[in-house]
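Submitted below is the structure of interest, expressed as structure tokens.
Order of writing sets the labels: A, B, C, D and E. Residues in every chain begin at 1.
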């Protein structure tokens, strides 16, 4: 006979305010097979958990129902508690009377009745729970980091320092990401190259890190601890092992006029190029679209002049498959496109003339202009005529906080880097005038606000609180028309250059990768973390972690912090020999299975195989389906496809679901 | 036609090529035929084939105990519509092609009782699709007898919800749960049918309104995308409940939604075990 | 004619009889078409009742009015910590079943014994007491009928409270067979009048019907063969054709097996008595998984044995009234008469 | 080819030159324009600012008359009329309620859809650029034109959906097709002051000054317009602007159809070029 | 149709998307009707036809099934299989005269707390308009004729039960 214990939590007053917990506990005690029912203010606290443990020992409970918050929150906590009291963890179920009841209903009576219903449903389920043991599966002690920006590099280094192998995959020819494009970084103005390059070099030389640049993740299969990842190494048309990185080929390549992606289109690069001087690996890549050898078979200058003969025009994409235990996604961000969209939907900021007036540039373009490794070698020259701009207007929130024309969220870092831009500008052009149009300055980090005050007070940046309505060009000058809401006046500034602090957006091609990994994403294609506050670097797919701007706009300190957090999660996962996985796997009843293999065909994980049942003489009596527990993820598709219900999913068995439905509307 | 049948059966049995031959024999009632499973050449004399041979003999390939043994195949006389059942059974791994020696019968249409069987009126396959031996000369494929085999289904579809409910409640009220429809269906081969399972009892096994409704719903759903329209369930139901209407409705929907016809290809994946990205979902919010 | 049978002449036709009973507020059940299926059903207006000479027999027998397809026999409800059990309430309102055939009426006399064997099944007998069986002798038969082979005839009165037979001039003569029959005659006496000797001449139609039927068999010979042939290979030969669909058992007026099933909701449930059949494998499946009758031939043997041997071993009656429903409804035309007659022929060879 | 023609109140009166030049060009290109019978005022700004339904109803009744007349494509040269007709069509096919209400008020139902075009769309898409190119006799060589679109022609983009609201190019393309050069200036879509001309004249003057100075600094010799109100505000007020701001703009403001007429070899007088406030003498000299 | 009819709605939802979305609706304190009883299953792939019928047999007036948007499924294909299954059995229910609006389907992702509130409110509203599922209630009453509630059949006393058992 089942002896069930019901433990109703007030959750402070989160539940108690709308659900009459003592009443619920009293009525729960009257439920069939419930032998102990109590309510307490904080069931997940130690006294609360001890109350459960004592009740199990004293009343010899065979099943526990905790009526509290969502199982996704504290199921593990309560299951650990009952285990300590000697009860199998899977005999404890959670009735969600907070997120699904007290928080979403106001009528006290209806909420209390519903809470009791939810408890009754779970009591009926628990009576059919079976003691299960967690499934142990081996863990491949090798991690994959996707994205070679600062977040990816930091995560790779931390994992490698933890003694585990790491595969670092970077889509572009060199690691470094957007940080490599920056000149100096806030709030300390130390040059990004100086603090980044050492990490890039150690990432390249670390004995535990294998670097695949100019490569992308092609296919991901398997599950936590047992991923199989296929990486597409795009053809560089250079044999990296032979090339010494001497740079002759780049000098002599006749094709010059290709806008450099690294320089955000301001500088030019050759058909064979290394993105930037401190690139790691310092091996060039041949750009197939623009290289005359590929276009009409002529030239081949680089091949002739290459000392160690490292040019391979016949090279093709190669595929490498790696066994991976955990994956860290650190694919970073991209700038929100603000010029006229290609499919000329009339979004975008045509009124600022970005793409029409050459002197209207994006934040990253400005970074390149002031960067020593930039197209103007650190001399601030405006793109149209190379003159040094006397007046620059910086416009904040271009695309951010603008649900109508752009994105509705705040991109978090633009206030800081715009203040930095004004400082860099004043350091280079002492008598230059810098104007900043802003809505609110958000500088919440350590020494952040002081940094902005310094830009205003010491470096004399003029901050105008208002929006810019239009930028037009009048005889070589950019006429910026805007408002200054503090003085209430229309403002018109004749500027030499305008820098737009465009919004931070997700990488344009992140969605196919997210779908390959089975990771969720929100409507702006930022990857979804498991829990915004409590599990920011984990995802709902076990074994896949997030770091950096791919999860949401953030600055370098936060990206690095997340990278180390993700790395610690990976190292935690790798610390145990075997991984314990919830025993929610399917099991076949071989007596009634007729071997029609519908489940085998439907299983998304190919976790079901054919098995022959033989008699003593070795003759095959019948063939049935067999579930490989390692592969089965417990989705249950097979259970509903099986017509004779010969396969059942532990944890959500037919009997459990049946009894729950029976108890729904009593 | 009957003596060619006897010759083939006699030959197969006497040469020992097959373990048994399943065919039709003279019935004890007017307009009826019996099934005969002959194991010796002598019994082959009793085989016949006439317009009353409406039974689908494929049902024996899964229901008869010990009929299929590994060393020698079992021979069976199959009309083209019955061959569709064998195709479905092979597709669902209940049979291997080499276990069955198919004697194809070209068919002009058979009678159920004294009137043309429903399934024949809409039939468009008169010659066996594949076979190991064939009896009867090829029949030129002619347009199916009636214009639209789904006429009755459409008639019910056009009723109002309440009319449809009343129509089916009246039909299901007659059901006494003898499960003849299940036993007569070649594709109902489960070792233990869901209706016989008690832990949990998904389908109430008593013959009351709830039990009857859920039995007929689950039976129709379990045959969705599988039923080849052999009409045996209709014929076996002595209460004349129009069961094949439910199966034809499922067949029509599956064909309209996913363009799949059951019993056509032994290698095809059954529609409910796969999906396409562009499957219709206009009913999902 | 058994003693005490009174005879009355029915002045009117069949429909008027039904009409009169309806007007008297009786609950009349008679054969009626539902679509193209002829079934016993509650009659509201007399015109629905199909005339006795217009059909051979209904698809389902009248057994279901005494032994329903499903009936709750015990009710229980879960309290908080206890279970309350409630006595069953047998709905057994009085009913008059009209238009029966002699084979159906006789069937009740056969199964009365089993329902009263060691334990008197009150569910059955309450309904049996409250039902009046009015039989009409068969004026037609079809090739499936073989009541003559089991000691019955198109005009045999066993089991019926009133047997109506047509005299040569076509008017119905009511032969009352029981007190219940007499009571019905009294309640509808305006339709009846005392029968004068002369009008009673027997009608030769009923002999013709029984002669037209299939050759009567000797149940004694059949039983003798069955006593000796439990292991005969014949069973495999017959059974390999049988699909095990139990239509025969469900439609048979004498099959009486049932299964007890608990149907449980959260607040309580019912224990139901449902029709079952030896043709289902589940019928004899042991909890251990062993099944004494695991293949169809054993199950089909059980059916024939029970009808022609086991029942007569115990009650000296054949558990078959030859109504032919099992022959008509079998999807594979496995004809029990043919099986049994082949046995008797073979019986001859063995000697 | 025959098309519907909705002149609107100004093309027969204050913007007579626009009407005359349009008629001349159509005669030259053998385009038959049949005026919408019994057309009424399109309501322009005053109607819809007083009562939304009034504005829609006025425009809708014109569409009704055009559809009754069997016209499928209607040219509305004046930007304000074009804008009102397009707004009415947009509003109606976005709300059945409004459609029912309009049918009640006007007592009629538009049988088939009536498409509405402005002057630029008409010549670019309906008549076709290559036909126009073929008909050119005297290309406008050496003419630096500042194409002025004003606001109603291109905004609100969701309703009008004609060219890019920030950086329209269709008039520039037409000028280039006619052989002229269109200057790249930044006040293409700046407002000319519109109906403030009477109550708040100095607004028009200030806006006009900015437009002329921007055009001049971009090297334009004249401004081409496609809206009678813009033409009026710029042409009539130029000397007042010069007085107020001590500037010496001498920039003729001509209709696009007048330039087209010149290119097709039509005499300036026929195009009404002689009745402008700012003399078009300089320009005409060349033809 | 009495106005104070409160529909009983059974909801079968997948853990990874809709259940988490419902949790998010909770954390954001969005308010919705209390008529729904949510049953958590790993994936919509696990939801089959017999669950829906059993829900109606237990007195549900409406059933809501919700899971991950296509391509977002945690088990990458569960919802695709489910989508086909739903499309088919919905037609079967309709064919046998059950109003298809009584079974509603939706895709609600873990980020769509507001959508979950809107779906629940909309479905509750629609089912309230459809009124109680009288046809099925009648079936339930005919199939489970509990006498003791209405006719007060007297209870077999304790003593008697013991005898019966002996």
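Assume contacts are C-beta pairs under 8 Å (C-beta built on N, C-alpha and C of every residue); 3 or more make two chains touch, one makes a residue touch a chain.
Quick caveat, the model's predicted, so the values are computed rather than measured.
Colleague: Any chance you could name the chains that touch subunit C and subunit E both?
Modeller: Chains touching both subunit C and subunit E: A, B.
Colleague: Could you tell me which chain lies farthest from subunit C when each chain's centre is the average position of its Cα atoms?
Modeller: Between subunit C and every other chain, the largest centroid distance is to D.
Colleague: Centre-to-centre on C-alpha atoms, which chain is most distant from subunit B?
Modeller: Using the mean of the C-alpha atoms as each chain's centre, the farthest one from subunit B is D.
Colleague: When I count C-beta pairs in contact, which pair ends up with more: B-C or A-C?
Modeller: The greater number of contacts lies at B-C.
Colleague: Nearest chain to the global Cα centroid?
Modeller: Chain E is the most central one.
Colleague: So the centre of each chain is just the mean of its C-alpha atoms; given that, what is the distance between subunit B and subunit E in Å?
Modeller: Distance between chain centres: 34 Å.
Colleague: What is the distance, in whole Å, between the centres of subunit C and subunit D, each centre taken as the mean of its C-alpha atoms?
Modeller: Distance between chain centres: 96 Å.
Colleague: Using the average of all C-alpha atoms in each chain as its centre, how far is it in Å between subunit A and subunit D?
Modeller: 52
Colleague: So which bits of subunit B are touching at least two other chains?
Modeller: 194, 202, 204, 206, 208, 211, 272-273, in rising order.
Colleague: Any chance you could list the residues of subunit D touching two or more other chains?
Modeller: Correct list: empty.
Colleague: Touching at least two other chains at once: which residues of subunit C meet that condition?
Modeller: Where subunit C meets two or more other chains at a single residue, that happens at 263, 265-266.
Colleague: What are the touching chain pairs in this one?
Modeller: A-B, A-C, A-D, A-E, B-C, B-E, C-E
Colleague: Can you list the subunit B residues touching subunit A in their complex?
Modeller: 70, 92-94, 189-194, 197, 199-200, 202, 222, 269-270, 272-274
Colleague: Help me check something: in the complex, which residues belonging to subunit C touch subunit E?
Modeller: For this pair, the touching residues of subunit C are 72, 75, 77, 84-89, 263, 265-266, 268-270.
Colleague: Once bound in the complex, which stretches of subunit C touch subunit A?
Modeller: So the residues of subunit C in touch with subunit A come to 78, 80-81, 265-267, 289.
Colleague: For the complex, give me every residue of subunit C touching subunit B.
Modeller: 34-37, 39, 59-60, 64, 69-70, 143-144, 240-241, 243-247, 249-251, 261, 263, 272, 274-275, 277, 280, 282, 295-296, 327-329, 331-335, 337-338
Colleague: For subunit A, which residues count as touching subunit C in their complex?
Modeller: It is residues 30-32, 124, 591, 662-663, 666 of subunit A that touch subunit C.
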